[in-house]
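Each of the next two complexes has chain A plus one more chain, namely chain B in the first and chain C in the second.
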Partner chain A sequence: MKETLVPFFEPRSVAIIGASAVSGKPGHEVIKNILDNGYTGKLYPVNPKGGKILGVDVLSSIASLPRDVDVAVIILPAGATAQALRECADQGIRHFVLSSGGFAEVDEAGARIQEEIVRIVREKDLKVLGPNTSGHTSTPQGFTSTFFPQGKIRRGRVSYIAQTGNFGTHTLKYIMTGECFGVARVVGLGNKVGLDETDALEYLGNDPETSAILIYIESFKRPLRFLEVAREVTRRKPVVLLKSGATEAGRQAAMAHTAAMASPDRIVEGMLRQAGVVRILDYTHLILAGKAFSMLPLPTGNGVSFLAPSGAMLTTLSDFCDRLGLHVPPMEPDTVQRLQDISPSYIRMRNPVDIWPAAIATGVEFAYREGMEIVLKDPAVNAVVPVMMLTRESGVPDPAFIVDLAKKYPTKPILVTFSGAKECMDEYKAALEPKGVPTFQEIEQPFEVLSIMVRCSQAINRPL
Partner chain B sequence: MNWIADAVKAGKTALNEYEAKRFLEGFGIPVNREMFVPDGEKAVKAACDLGYPVVLKATGEHLQHKTELGAVALNLKSEGEIREEARRLLAIADCEGLLVQEMVKGDRELVCGLTRDAQFGPCVMFGLGGIFTELIDDAVFRMAPITTAEALRMMEDIRTAKILQAFRGQAPVDREALARIIVAVGEIGCQYENVREIDINPIKVRRDGSLVAVDALVTIQAKASGVRP
Partner chain C sequence: MKETLVPFFEPRSVAIIGASAVSGKPGHEVIKNILDNGYTGKLYPVNPKGGKILGVDVLSSIASLPRDVDVAVIILPAGATAQALRECADQGIRHFVLSSGGFAEVDEAGARIQEEIVRIVREKDLKVLGPNTSGHTSTPQGFTSTFFPQGKIRRGRVSYIAQTGNFGTHTLKYIMTGECFGVARVVGLGNKVGLDETDALEYLGNDPETSAILIYIESFKRPLRFLEVAREVTRRKPVVLLKSGATEAGRQAAMAHTAAMASPDRIVEGMLRQAGVVRILDYTHLILAGKAFSMLPLPTGNGVSFLAPSGAMLTTLSDFCDRLGLHVPPMEPDTVQRLQDISPSYIRMRNPVDIWPAAIATGVEFAYREGMEIVLKDPAVNAVVPVMMLTRESGVPDPAFIVDLAKKYPTKPILVTFSGAKECMDEYKAALEPKGVPTFQEIEQPFEVLSIMVRCSQAINRPL
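Showing the complex of A and B:
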């Protein structure tokens, strides 16, 4: 299956059917996106009017396309899509992105057009993404088929599969403007007449550019095949999935207890457990976990240490860890003694670490640096979360020391969160994230993300 | 004996409890000792063979929720009790005969079952069983077929997983045996498209941790629907 999807993600030549010279139109923006992303393959816009769009020569008909086009992006009204698909297929094109909406997701007429598309796809054995898709992105090739104005999409090592137009458009926009990490591939599944989540997962599972896979999905097209593929992929890479809409549809009237208790959501839950896929429940975690996978190794266990400037945080975050299945282990006597050495004696040092008295006594940077290094050395600790208290008044240390620690202890994830002045947090984020240390605005987030990573680590190492 | 094919041929919607247990026994699922008898006198004789105390149940294709119908008499200790209860049970509508069973001791009750999801196909459930099964609602599912390792993981995934450990002086549950039951139910789901659903509830845990199914329901569908995408 990988081979058949290579032209999608590594196209040597692309045709845009429905190219437009009018700025703001999808048929224009897709070309702008492709150029902005530095695509070096051949690009063939098609529009009966001919001429040039953004400096690229336009072909006046599908029939005038060369025979070597890897992918055609069809951005025409739903009603014109089937005809264009046929003509492209006659030109020998086998891979398509059907961008327009107006199919089965809209009304009966749209559903009929979609049925026709399905017939053509079967008859001519085509590979189709969509329809009603926000397109796909492949940063190693500098290629995207999205028509949502994205500008240059940063390259990274996590990939996304999304059965929603929102991800490849606005969520990706947020990641590009609000976060520092990039993406390897993004696939918007749309109405899934051809390519589905299992095809995409299989490709990404074998993709050397992809080190973690995050999925948003509304329904499984081929559950058994998904299970078979995911079962293999999850032994090599983290696979995280958010599933929406636990509907009651398709449920039989039940005579037996088993059937009565078989809610669709429970069956999905079971299948994902079986597959080693880590289920998440929050859309935001698609972004936050993506950030963590982009920057951190997976923790080798669920032992976490954190350093916080307040008793309230120490206790509430300990409780929170407990709820998340994270362990805040007692540390070795040696570790405790070393922590005690940097702290005033009236504080009883332990895990989690009450760091602020030490910060007052020895300086903010010294206390956090020493405290973090001491806990990083403890064998029971698999990951460390410093809650950095940052205000101008108390002093804002140069965040470089955290980068140094992350480099010195490369097997133990460090996730940074904050208390204090927003502007100082933003400075830390801007300084740390490009250096590979993720930061999190809210104090619960690093723990939520860590628990996802621990579950991924367990899935990868699960017994056969 | 091909219980399922015969039931389909006869147009049945379910096996009765006796047939269901014989069917499940064929897959190595441990079931209680029992005899199927037509009347009170034969029930008395069966009780002598099985040893007192016994359980007496009205059995039939359409008797699926026996407790609710008053179709179960537990802990019968004498011939008199058996005769009296037999008369009452035989009068229940749809009663095809009586099931005389050994009384199995053990406080812990588990459930294992099969359902068919329109999209996911045959799925196996494992959870906490007994009369409060749906009330407590502590169960997990997997798509069939299921590996032994997966069956063992299911045991860890229920909220009350601790009940499988040593409990009030009783031995830990025999997990290998439990895994064999779960795997077998998955196998049935894959092999027999005419089996629509299975409830093995309860699976009693004896004091020594061994397992025995004391009630079972197997429902039948004439038309196989378990086609998986």
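Showing the complex of A and C:
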């Protein structure tokens, strides 16, 4: 199956059926996206009017396409899609992205068209993504089939599979504009008449460009096969999954969205856990965990140390760690002594680390740098979260020291969060994230993300 | 008790014992803060050197203070505090803020000094905040006793009680720089030799400037009295509490922080619930709930409607509501019909609202404005969360329409969140929050906050 998906992600030549010269139309924006992303393969827009679109020659018919087209993106009204699919198949095209909506997700008439497409797909043994998909993206090849105006999509090492158009459109837009990490592949499953989450997972599991896989799903098309594939992939890389429709309210919403019959949640839960898939509940965690996987090594255990300028945060976050299954381990006597050495004598140092007295006595940068390095050296500590105190008045250190520590201790993830002035936090994010150190606006988030990473690490290392 | 705290929050004259001419010293910054906040009462800095600090005449001794001083802020080393306290008491001063640290939170010697202070307080019947407090703030009087450089602290209608220095310093700095809401009173309890959380709660419960009370606490000094007071206050206004030290890890951290012996968590939980106090677990919720209480009415029920441009979000958030105890009620046939009227016929409208088809068909602003108004009119809906789709390409509507809707439906909270480009979200936050409509970066947050508000509303309306 892996072989057969390669043309989707590494297409050497692509036809756009329904290309449009009109800016804003999906058949136009998809071409603009492909050009913006630096795709270097052949591109064949097809439109009866011919001419040029964005400088690219337009073919006037499917019949005039050359025989070597790897993928056809069909962006036509639902009613015209089946005929185009047949014609393309007659030209020897085997891989398709069906971008239009208006199929089973809409009404009875749409469902009938979708059935016809399924027949064609079976008859001609085609590989189809969609219909009703927001497309797919493959940054290593500079290719995307999305018609949502994305501009250049940043390359990265995490990949997403989503049974929703939103991910490849608005959520990806957020990631591109609000975060610093990129993506390797994004697959919008749409109505899944051909390709489903299991195919995508299998491909991404073997994809050297993908180091972690994040999935949003409402229903499993082939649950047993999915678990079979997942069981194997999760031994090699993190697989994080948000399965919605877990509650009655969610099930009703899922039914309205994709007519998906959600499975009983407890059964899903148990099966996913056995297969090493790490389940999450927040949509936002798809983004935050993606950021962490993009920048950090997996922790080798659940031992965490954190440094905060506030006993209240140390206490609250200790509670929080406990609830998340993270361990705040006692540290070696040597570690404690070294922390004591950088702190005023009145404070009794321990894990978690009250860095406030040292910061006041020795300066913010010195205290955090020394404190972080001391705990990074402790064998019981697998990850470190500095809650950076950042105000102009107490001095905002150059964040480069955190980048240095991250390089020096490459096996221990460092996740940064803050207490202080917003503009200083924004400066830190802008300085640290392009250098591979993730930051989190809210102090709970690094721990939520760490707990996801720890579960992934445990899944990878679980006994056979 | 209420009477006796009035001088703290409405002081007509204040002495600063340990005033300093040196910028950056606490005894200097406190004066700068008081001046920056527009305090119009009398201010008497005291320092043996005399002269002027920031233009204010300095008295050279406590003995030379006039007899009408309401509050003395003592910012001296711990060892000099007891003597100053005595001298001030001899001048007829009854209310004190003891800002220094170095007492029981530090070592045995500090504990002995603290015991002496307790003796003086009892002997002379003084009212004392601290020691080891980051001070208190009272924006209606333009007064603050904090030495942390805050500049002008924005006035608002929520008040905070915190058994941690961090709240009145770094967290308040974040609120002032990263959020648009303000505070009425902030009380940093410190070591609680005199004033405790119960005194503060009782005062704030009767304070017309305070419409909601948020508390961070590690231990209750007088648990039964606290519950007694809370039981009564929670019938009038929201009382939200983060009690840390709830887990073993947290208890150990709390012990290190304030030597507080945390109470068994299940007992605390049950007693707080009975007293109508709404317990939260995330430190960030102190900020987010504070924002919501500052801007919104309390919902009159747990029925929520939300509009999102994505079936995935509708499904995920339906699950999320279910877990939070929020209800996503079916809507009246009329409401459904009106939603249908603004949407393409293929989509079957319901609650929650898939606004994407309407937004594509009729434009983002029209769809959201009409959609929100339609659900706001439904009697089963007590609050509305629009997940705004915001990208330049689909057009970013002027957010004024949301302000208009908030004014038109003043009993139904509207909490805004986003899907799309980060810079558009930031523009919306900057435009909406000064007009009283709160926004939330992550799509889960409005629901978390709503669930806190619903519980507060239920507490207020609980049977006698």
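Going forward, the second predicted complex is superposed on the first by the 447 of 464 C-alpha atoms of A that agree within 3 Å, B and C clash if a C-alpha of one lies under 4 Å from a C-alpha of the other, contacts with A are read in each partner's own complex, and residues count from 1 in each chain.
By our rule, a residue touches a chain if its C-beta (ideal position, glycine included) is under 8 Å from a C-beta of that chain, and two chains touch if they have at least 3 such contacts.
Here the structure is a predicted model, which means the values were calculated and not measured.
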Partner chain(s) touched by A:Val375 [first = chain B, second = chain C, both, neither]: neither
Chain B versus chain C as contact partner of A:Val46, first or second or both or neither: neither
Partner chain in contact with A:Phe220 - chain B first, chain C second, else both or neither: first
Which of chain B and chain C A:Leu195 touches, first, second, both or neither: neither
Partner touching more residues of chain A, whether chain B or chain C: C
Chain B versus chain C as contact partner of A:Leu324, first or second or both or neither: neither
Contacts of A:Ile267 with chain B and chain C, given as first, second, both or neither: first
Touched partner set for A:Ala230, first chain B, second chain C, both or neither: neither
Touching partner for A:Ala256 - first (chain B), second (chain C), both, neither: both
Which of chain B and chain C A:Thr391 touches, first, second, both or neither: second
Common interface residues of chain A - those touching chain B in one complex and chain C in the other: 250, 252, 254, 256-258
For the chain C and chain A complex, residues of the former touching the latter: 24, 102, 106-107, 110, 148-149, 162-167, 170-171, 173-174, 177-178, 216, 218, 242, 244-250, 252-254, 256-258, 281-284, 309-323, 328, 346-348, 350, 352, 354, 389, 391, 393, 418-423, 425, 441-444
Chain A residues within the chain B interface of the complex: 220-225, 227, 250-252, 254-262, 264, 266-271, 273-274, 462-464
Residues of chain B defined as touching chain A within the complex: 14, 64, 111, 113-121, 123, 125, 127, 133-134, 137, 139-143, 146-147, 149-150, 153, 157, 197-199, 201, 217, 219, 228-229
